[in-house]
Each structure stands twice: as structure tokens, then as C-alpha cells.
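Across the two complexes that follow, subunit A remains constant while its partner is subunit B and subsequently subunit C.
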Partner chain A sequence: MKRIKSVTVLQHFLLIMMSIIAIFPLYWMIISSFKNESEIFTSSFIPQAPTWQNYLYAFAEMPIIQMLFNSFVVATLMTILQLSTSLLAGYALVRWNFKGKLLIFTLLSLTWLIPFQAVMIPNYVLINQIGLNENPLGIVLPFAASTFAILSIYQSFRSFPTALIDAARLDGESDLGILLRIILPNIRSTVISLGIILFINAWNEYLWPMLVTKEMENAPIQIGLKSFVNSDVNMWGSLMAATTISCIPILLIYLFLQKHIVDSFVRFGIK
Partner chain B sequence: MGEVKSIIVSEQGKKVNEQKNRRVARSLIKWKPYLFLLPAILLLGVWMYKPLLSTFVLAFQKWSMVPGTEPIAVGLDNFIRLFQTKDFVQSIENTVFYTVGILPFSIIIPMLLAVATNGLNGRVKNVYRAMFFIPMILAPVTVGAIWRWLFHPANGLVNITLQKLGITDTNISFFTDPVYAKWLILLMTGWGLIGFSTIIFSAALTNINRDYFEAAALDGATKWKQLKTITIPLLSPTILFMLTMSILFSSQFTFAYIDILTAGGPFGTSTNIYYEMYKYGFSNLNAGLSSAAATLFFIVFAIIAIGLNVLTKKFAFYDN
Partner chain C sequence: MGSIKVEQMKKSFGQKEILKGIDVDIPDGSFAILLGPSGCGKSTLLRMIAGLEEPTSGSIFINDQDITYSEPKDRDIGMVFQNYALYPHMTVFKNIEYGLKIKKIEKNKRLNMVNKVIEMVELTEHANKRPGELSGGQRQRVALARAIVKRPHAFLMDEPLSNLDAKLRNQMRQELIELQKELQTTFLYVTHDQIEAMSMGSYIIIMNNGHIMQKGTPKEIYTNPANLFVAQFIGSPPTNILSYGDYSIGIRPENMSMKEDELNVNDDYVLTGAVVSTEHLGGESIYCLTTDWGKVFVKGESTWQTPTKETQIAFSKEDVLVFDKSGERVRDVNLVENLLADMKVSNNRREPVVL
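Moving on, here comes the complex of A and B:
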């Protein structure tokens, strides 16, 4: 009995250490953002005289609201498009046997091997040719279909009882009807979880938006933050304030839908 | 008589019509799967496969991406130039360094942590999981900004603490130091991955039937022996999955940190191949060189992926 107890203490010790390592940088970011100019360079763990000054400076320095809005537009659009294309594709892959199915699976799986850096130059040229640079659509379009989303949807469709589909078909329901009225309501929570992951990924997207947008007014928040980090100003308080603002949407989503998110990451893996 | 005939004729007409309808319907059914797949396939074709082919072609050309200019064929020049570039050779070494260095964070430590903490249940476990997960959802730019501040040469918490503890009495400029820079990038990437991997291994571990361990314990097997003969073989699909992910993605995970914190420096000591591709393309405006590197590494990663696939089929042990 005693042995079991000491093992549990050791377990908790390990887990608490890991948790501290995981969240300490986030904590340091938040408290740094509230420290005043004289305190920012000390190692105090709680701000002695909390101030909003850093936030005011950050808002004055960058078009933060505009960039948050840009990020929101891009992430929402990308999530909706990725979900739509993968729902359609996933349905086709589960519902029918057809010529070339294996080829399509192969093509989908092979995209794992294509890093974005291997296609960025031709894509950059194409986006500039069709004049979608400096445009949220230009950021979204190359990511409108995601193999990760298609295969995740396919996986959850596969466990859907075919008897229900057959019954709906006998009732004269069209395929789009089956997808939208029979399957979708039943796997709603899976689709929501996947949507959350896709939204977070889109919000955090970085290399491609950096290539497509040069003007701050058109850039998502990540790009603005990056140029702030690299601007060599020694304004660490306001830099941490800007960083805090940039991840508030993600942290809010996480706070409310935490279990959803962890479960779906475990189920779907990483992008 | 005439009436009957006309009925027969109209019946035949109906039949022909029905057949026609059915044929239309059948060909529609035949096309339906492709219709549903069209948006996805079209988009992947335009934004993945077509540009990949263009990259293969560009690898044998010289082009500065200036609008109005045309690429010029140069044969194997780009590939020869690549291996004469000092940074490129170093970037290969670093890519191997990052890929191997990430394995303790994505496999070894998480697996041990998962085993050590196995059997915890309920709400407590969920609280830990929730915290472990946070690094995974933060943007690379966010993480980069915070770490840059933590490791700031003059006023960062790490330097202040090191000096308070008397470990060093000079300010260390971590991100401009040829040794520390790449270790820090590795550490940050590992920090982002370790909690996530632990959760994956925990999930896999809870699926293992407890009876195996009880039977082994009754037979007098030590904890270590249980780990070696039961846990690791049964976790082998997860281990191989994480191995594949680590190898394929570690260079992409490190890319953002390299760009934000060191720009590959100092003297190319922290760069990796993807960052070199980016630099050749968008700093040096040498699309050919960038594409040659991309082509080369597409082939290398394809070979590795095929190898891992074979390995998974051969060694992954499934408990049915």
C-alpha cells in the first residue's frame, strides 16, 4: 500500500514538472506584458505595479485590429473551404467504388511528402500572375483542399452505418441530401473538432501569408508580430502584449473546447 | 388491330425512353464519384502537383522570378552549384541533427512519461493533458517571440537566473552563438512536441490489455522486463508512426523558429534544408537553385518514407 502511494507521488511530481515546463513560457509572456518600463528587465514573477501601457503602445505601433480581422477572415474562409472539399471527397470515397479510387488515395497520401517549400515558388508566381497577392483569397486558395482534412473525414465516415445510407437512398434522398441531412448531423461533433484544428492551423499559418502579403494592412497578425519581433526595438513589454493579443483567440477557443481539441488531435494526429 | 399496333408502338417508345433515361442515370452515377471529388482533386492538382512538376523543371533552369523574364535551361548546373555552396552542405548536417535530435522529444521521453504515469484516471489526468497540450496550439511566431524574450542576452530571465546562480557571469547571446543557437531551436521544437507525444503514447497505452501485465507480474517479470517484452512491442505501431512524423516534419517544425530567431545564422550554423530553399528563392532570387534543392530532398524524403512504410509493415506488432 505504501509503495503504491510513493509511486503516485512520483507520478504527480513528474506530471507537475512537465506541466510547469509546458505553461511557464505562456505565463512569462502574460506577466511581462503587464510590467512597467522599470520592472520589465527584472525577474519578478508577479508584476508589482501592473500597467496597460504596453498594450496601448502595441496598438499604436501596429494596425492590430485590422490584422486580427485579416487573420479571422483568412482562418474562417480556409476552415470552411477545407471542410466543404473534404466532406464531398470523403463522401465519394466511402460511398462508391469506382475506377481510379486507388490512384486517388495514392495521390492524396503522396501529398504528405510534398513540403510547402517545394511548391512555394511556382505558387508564388501563379498568385502574382492572377493578381491575388495582398489578398486574403490569395492566402486561402492554395490551402482550400487539405489532405489531412479529407483523410480525417474519410475515417469518420467509414464508421457510419451503411444501412442508414441505404434506407435514405430508398426514400429517394439525393446524395447531397444524404451527406447533408443524414450523415452530417450524426457526425457533427467530429466535424466541429476537425474544424477547430483546421482553424487553429490556419490562424497560426505563417510562411505562405508572409510571401503573399507585404503591406501590414493586408497581413494576418502572425506576419505583423514577426516584423515586430525582428524590428530590434527594445520594447519587450509591448512585444509581449502584442504576442498575448495574437494568441487570445486561440487560447479562448482552447479554454472552452479543450476536451474536444485534445481528443481530436489524438484521433486525427498532426498535420 | 390498328389500335393494338399503336399501343405496342407507344409501349416500345416508352421502353426506349426508359432505357435512355436509365443509361443517362447510369452514366451520371458513373460520374458522380468524380464530381464529388472534383473540387479537392482540382485544388490539390493546381496547388500541389502542378507546382511540384514546375519545381522539377525549374531545377534545371536559371531564373530570378522577375516578371517578364523567362527561365533559361542550364542542365545540371544548379545541382553542381548546390554542393559547392558551403551553407547547403551545412544545412544537410543540421537537418540530420534536428531530425535525430527531435526523437528523444517525440518518442523516448514521451513514452517513458506515458508509462510512468499510466493508470492515472479521471479529472486529474484531463487537467494534465490540458496543460501538456498548450505548446502544440501556439503559433510558431508566438513561441519564437516568447523564447527570444526568455533568452534575451542582457535582460532575459534565463541569463538573469544563470548569473544569480553563479553559473556564468557574462551575458550569453544564445541566438547568435554558433553552438547554442541550433540547440535552442531543437529545444524549442522539442518543447512544442513533447506534451503532444506523451498524450499520444498515453492513449495508445490505455488500449493495451491490463491482463498481459498482470500475467507477467504473476510470472515474476520485473517492471523493466515488462516494458521490454510487452509495452514496447505493443506500442510499436505508435512508435513507428511518431518516427515517420518526426522524420518527415521536423524540418518543417524547425523552419519557422529558424526564420524568426536566427535566420539560419550565425554563419549558417542553425539553418536547415527547407530554410535554405526559402533563402535561395526569396533572398537570393535564385529559383533554380531553390528548386534543385527541393527536387533533391523530395527524392530523399520519398526514399525514407518508403523505407519507413516497409518497416512499419514488417515490424509493427498488432494485438488482435
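Moving on, here comes the complex of A and C:
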């Protein structure tokens, strides 16, 4: 009994320590956003003279709301596209037997090993030639299909009971009908979890949007954040204020979809 | 409403040949059973008839129409799966209605049809529940209802009772027999359980290793097995086999009797053996004895007693089945007579011969 108690105490201690490690940077970001310039490098845990100045400056300096909206559009579009392509590809790879299936699957898996930086330039040239610079589509299109999403969906389709699909075929359902009306409702939580991960990934995307967009009005929020820190001047206070604002949508998603988020991290591993 | 005919059906998965030329002709309105051990190809055959699997070669006819390469939905068949395969996200009602909806049957007519079938399988009060809230037996009924509502030419059932407990299985067996009588539709039922096959089927097809071993009524299969496999597969405990040179002599356990002293006129042959174990099943008992010819099972009336001393096991000439080296039944009466004579058995004597 005593041993069990000491084990739980130890467990709780470890959990509390890990929570502090995870939460502290966020806490520091928020309090720093309320500190004035002279206080920003002090180690005080509570701002001595709290100020909205950083927020006012951040809003004055760049179109934060527009950029948040851009981020939202880009992340939503990317998530929808990646989910759609992975559902279709996953279905074809699991359900159909066709020549070259193994080859396609292998190539697909291999693309996961190619770093984005390697294909960045060709992608940039292509987007440039199509004329999708400064356009959310330009940010989204190269990421319309995600190998990670396809392989995740592929795995969950593989474990889907074939008898249900057979029953639907006997009922006269088409392939698309089977995917949308039989499989999808039953793997809903997997798809939602995957969607959340894809959305967060898309929200945090930095390098590619920076290449495609030059104008602040067209860029997602992550690009805007960087503008506070450059070789001339570091506006830490305003950076923290803008970062805090940029976290709000993600925080809201966490609040509303908490159950699914925990599930998605367990299912796909923390990304 | 629907006869099923399969001609020269072959199926391979890669290098592995699962079906090796199957011919089946199931008359309209019969309760046909595909019986065989696991992996014999019976489920594959059923899936090909359903259109869920494409044959490597051969043809399938339903009502004399070649449907070998038709889509499953165009075959006019209802299928019941081993794991029920109910759509988990739909209610009982929606599960049954789904196929009709896809067929674009007009709503009022559709609701009518579904309600009627739900009533028939006694699930009215569960119509709005999801499959997860139902018991195994109820799920099985939903699966049946889903097949029935389409009013198909034929029903295909893939071990539909194997997930139920013994008591429920017995009950469902009776219900299926009644259902088949009521619908007057061809049933093709796959099972590995010979008791299910014997008790339900009007026509049994026994398969092994991708071949058909025998087709016929339960009586034909039981009393007149075509080969060693069928003789041993049907009946519990299986037919006793005594090896004699190139031949195998089979006698069913129930055709043997244990005699302490008197033998009667029908007892042509006698073995002696000692009882090693007994199963008292209530109405009957199964005795396992060791003899000079190997282990022998005898089925007899229950005495609730286990004989301890050596006993005689008697059987008559009529009940002897003889099989050749390849396992085929030897039907040549003279050969059988000679063989038995060879075994130093004479059936002209009044006295039974001790083997």
C-alpha cells in the first residue's frame, strides 16, 4: 500500500514537472506581451507595469486580422484537400487491384523521405509560372496530397471490415457511395483526428508561404511574426503580442475538440 | 424462385488453386448446404456466386441466366455474413432499408416493405436501435431481414450461426428451416458443422481441398458415403476405420454394439476390446475401446455404467463400408465379399466370426 502511494506521488511529481516544461514558454509569451520595453529582459514572473502597447503596435504594424484570416483559409483548404486526396487514394490502394499498385504505393512511401527543401525550387518555379504567387492557392496546391495522410488513411482502411463493404456492394452501393456512406461514418474519429493534425501542421507552415507571398496582406500569420525580428531591430514585446494572438485560433480548436485532439496524438504519435 | 448452377468453376489466388473444377446444380427451392472443413474453398465458392470474387474460369447461372461476370447487385441474391456485417452507424430500420433506398424504391412502398420484414423477424421494438445495442441473435435477425427485404431469387449464407452460443444456435436453426419453408426460396448455406448440415439441409454438397466429395440428400450422404472422406466427416463420432492391406473397412459407431455374452443372428463379425473411456450424453453413451485393429468408438444406449472387463463388439455385414487405397468406396459386392473372406471372415456361418 505504502509502495503504491509513493509510486503515485512520483508519477504526479513527474507529470507536474513535464506540465511546467510544456506550459512555461506559453506563460512567458503571454506575460512578455504585457511587459514594456525596459522590463522585457527582466526575469519577473508578473509584469510590473502591464501595458497594451505591444498589442497596439502589433496591430498598427501589420494587418493581423487579415493575416489570421489568410492562415485560416490556407490551413482549412489544405486540410480539406489533403483529407480528400488521402481518402480517395487510400480507398483505391486498399480496395482495388490494379497493375503497378505496389509500385505506386512504394513511390508514395518514398516521397515521405524526400525533404521539402529538395522540391521547393521546382515547386516555386511552377507556381510562379502558373501565376499563383500572392494567392492562397499557391500556398495550398503543392500540399494538396500528403503522404502522411494517405498512409494514415490507408492503415485505417486496411483494418476496416471487408464484410461491411461486401454487404454494401450487394446492396448496390457504388465505390464512392461505399467510401462516403459506409466507411467514412465509421472512421469519423480517425478522420477528425487526422484533420486536426493536418490543420495544425498547415497553420504552422512557414518556409513555403514565405516564398510564395511577398505582401503582408496575402501572407499567413507566421510570416508576419517573423517581421518583428530582423537584423536591424528585435521587437520582442510586439512579437510576443502577435504570437499570442496567432495562438488563439489553435487554442479555440483545442478547447472545442479536446477529446479528438488527445485521440489524434495517441493515434498518430505526437507531431 | 431460383436455381443455382455452377459449371467447371476454378479459382486460384496467385499460385494457390482454391477451387479445382466445381460443378454444382442446386434445384430451385431447396435448402442446400455447402459443407466442408475450414479452407476447403466453400466460402470462396459462395463469394463467387455472390459476385464478390471473380472466378479464374467457369460459369455461374442463376435461373439459367449466365451471371458469371455480373455485378453483385444485379444477381438478385440476398446474403447473410458470418459476422452479420450490419452497418454500425445505422439503426436496424436503416440497415434493412439501405438496399431498397439505393434501388430507388418509392418511399411509402419502401417503408412498408421494411416494416413488414421487421415484424416478420420480430424486431419491431428494436427498429430504432443500432446494431451495437442488440444481442447476437437479434443482430442475426437483422442480417436476415436485410437479405429478405430485397426478395431475392436465392439466399446465400456464410456460416451465419457460428458466432452464436449453442442454445441460440439450435433455436436459430429451427427458425431458418421455418423461414425457408415460408419463403420457398433457394437457400445456399455454408457451414463446417455437420450437425447443422444434416439437420437443416435438403441437399448437401460436401467439399474438401477444392473438390466436391459428394452431393446428395442428408440420407444419401449418411447411409451411402461415396468415399472415405465423407464417411469420416459425417457422423459423430466419425466412422470407425479398420485398415486391411490396401483397403479400409468402415463401420459407423452406432452400427456396432457391445455384447457381454449373447450375440444374435445379425451379428456377423465380432471384435474384442477393452473400454478406455466413456462419454455419457444422457440419451446415449459413446464408448471408446482399444482392439487389435486400433481404437474403435461404439455408440449405444446409455447405461450410465462403464464396462470394465473386455467386451465383444458386434456388427453386421450390411453395415460394412469398404474403401480402396485412394479412399473411393468399393461398390463391387463380390470384391467386398472376397475381401471379408480374406480377412478370414465367413458370413455363411451362423456363428459370428471373431476378427
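Basically, the second predicted complex is superposed on the first by the 250 of 271 C-alpha atoms of A that agree within 3 Å, B and C clash if a C-alpha of one lies under 4 Å from a C-alpha of the other, contacts with A are read in each partner's own complex, and residues count from 1 in each chain.
The rule is short, and it goes like this: contacts are C-beta pairs under 8 Å (C-beta built on N, C-alpha and C of every residue); 3 or more make two chains touch, one makes a residue touch a chain.
Everything numeric in this text was worked out from a predicted model, so none of it was measured.
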Note to self: A:K226 in the overlay: touching subunit B, subunit C, both, or neither? Say first, second, both or neither.
What the structure shows: first
Next item on the list: Using the superposition on chain A described above, determine whether A:I261 touches subunit B (first), subunit C (second), both, or neither.
Entry: first
Notebook entry, point to check: After superposition on the shared chain, which partner residues are touched by A:S86: those of subunit B (first), subunit C (second), both, or neither?
Noted result: first
Next item on the list: Identify the partner contact of A:A163: answer first if only subunit B is touched, second if only subunit C is, both if each is, neither if none is.
Entry: second
Check: Can A:I21 be said to touch subunit B (first), subunit C (second), both, or neither?
Finding: first
Notebook entry, point to check: Between subunit B (first) and subunit C (second), which, if any, makes contact with A:D171: first, second, both or neither?
Noted result: second
Margin query: Between subunit C and subunit B, which one touches more residues of subunit A when both complexes sit on the common chain A?
Written below: B
Next item on the list: Under the touch definition given earlier, write down the residues of subunit A that touch subunit C in their complex.
Entry: 161, 163-164, 166-173, 177, 182, 185-186
Margin query: Per the contact definition, I'd like the list of subunit C residues that touch subunit A in the complex.
Written below: 47, 50-52, 71-73, 77-79, 81-83, 85-89, 98-99, 102-103, 146
Check: Across the complex, what residues on subunit B touch subunit A?
Finding: 30, 32-37, 39-41, 43-44, 47-52, 54-55, 58, 65, 67, 113, 116-117, 120, 126, 128-150, 152, 154-155, 157, 160-161, 164, 191, 194-196, 198-200, 203, 241, 245, 248-249, 251-252, 255-256, 259-260, 274, 277-278, 281-282, 287, 290-291, 294-295, 297-298, 301-302, 305
Next item on the list: Please give the residue numbers of subunit A that touch subunit B in the complex, ascending.
Entry: 10-11, 14-15, 18-19, 21-23, 25-26, 28-29, 32, 40-43, 84-86, 88-89, 91-93, 95-96, 98, 101, 104, 107-108, 111-126, 128, 141-145, 147, 150, 175, 200, 203-204, 206-207, 211, 222, 225-226, 229-230, 236, 239-240, 243, 246-247, 250, 254, 258-259, 261-262, 265-266, 269-270
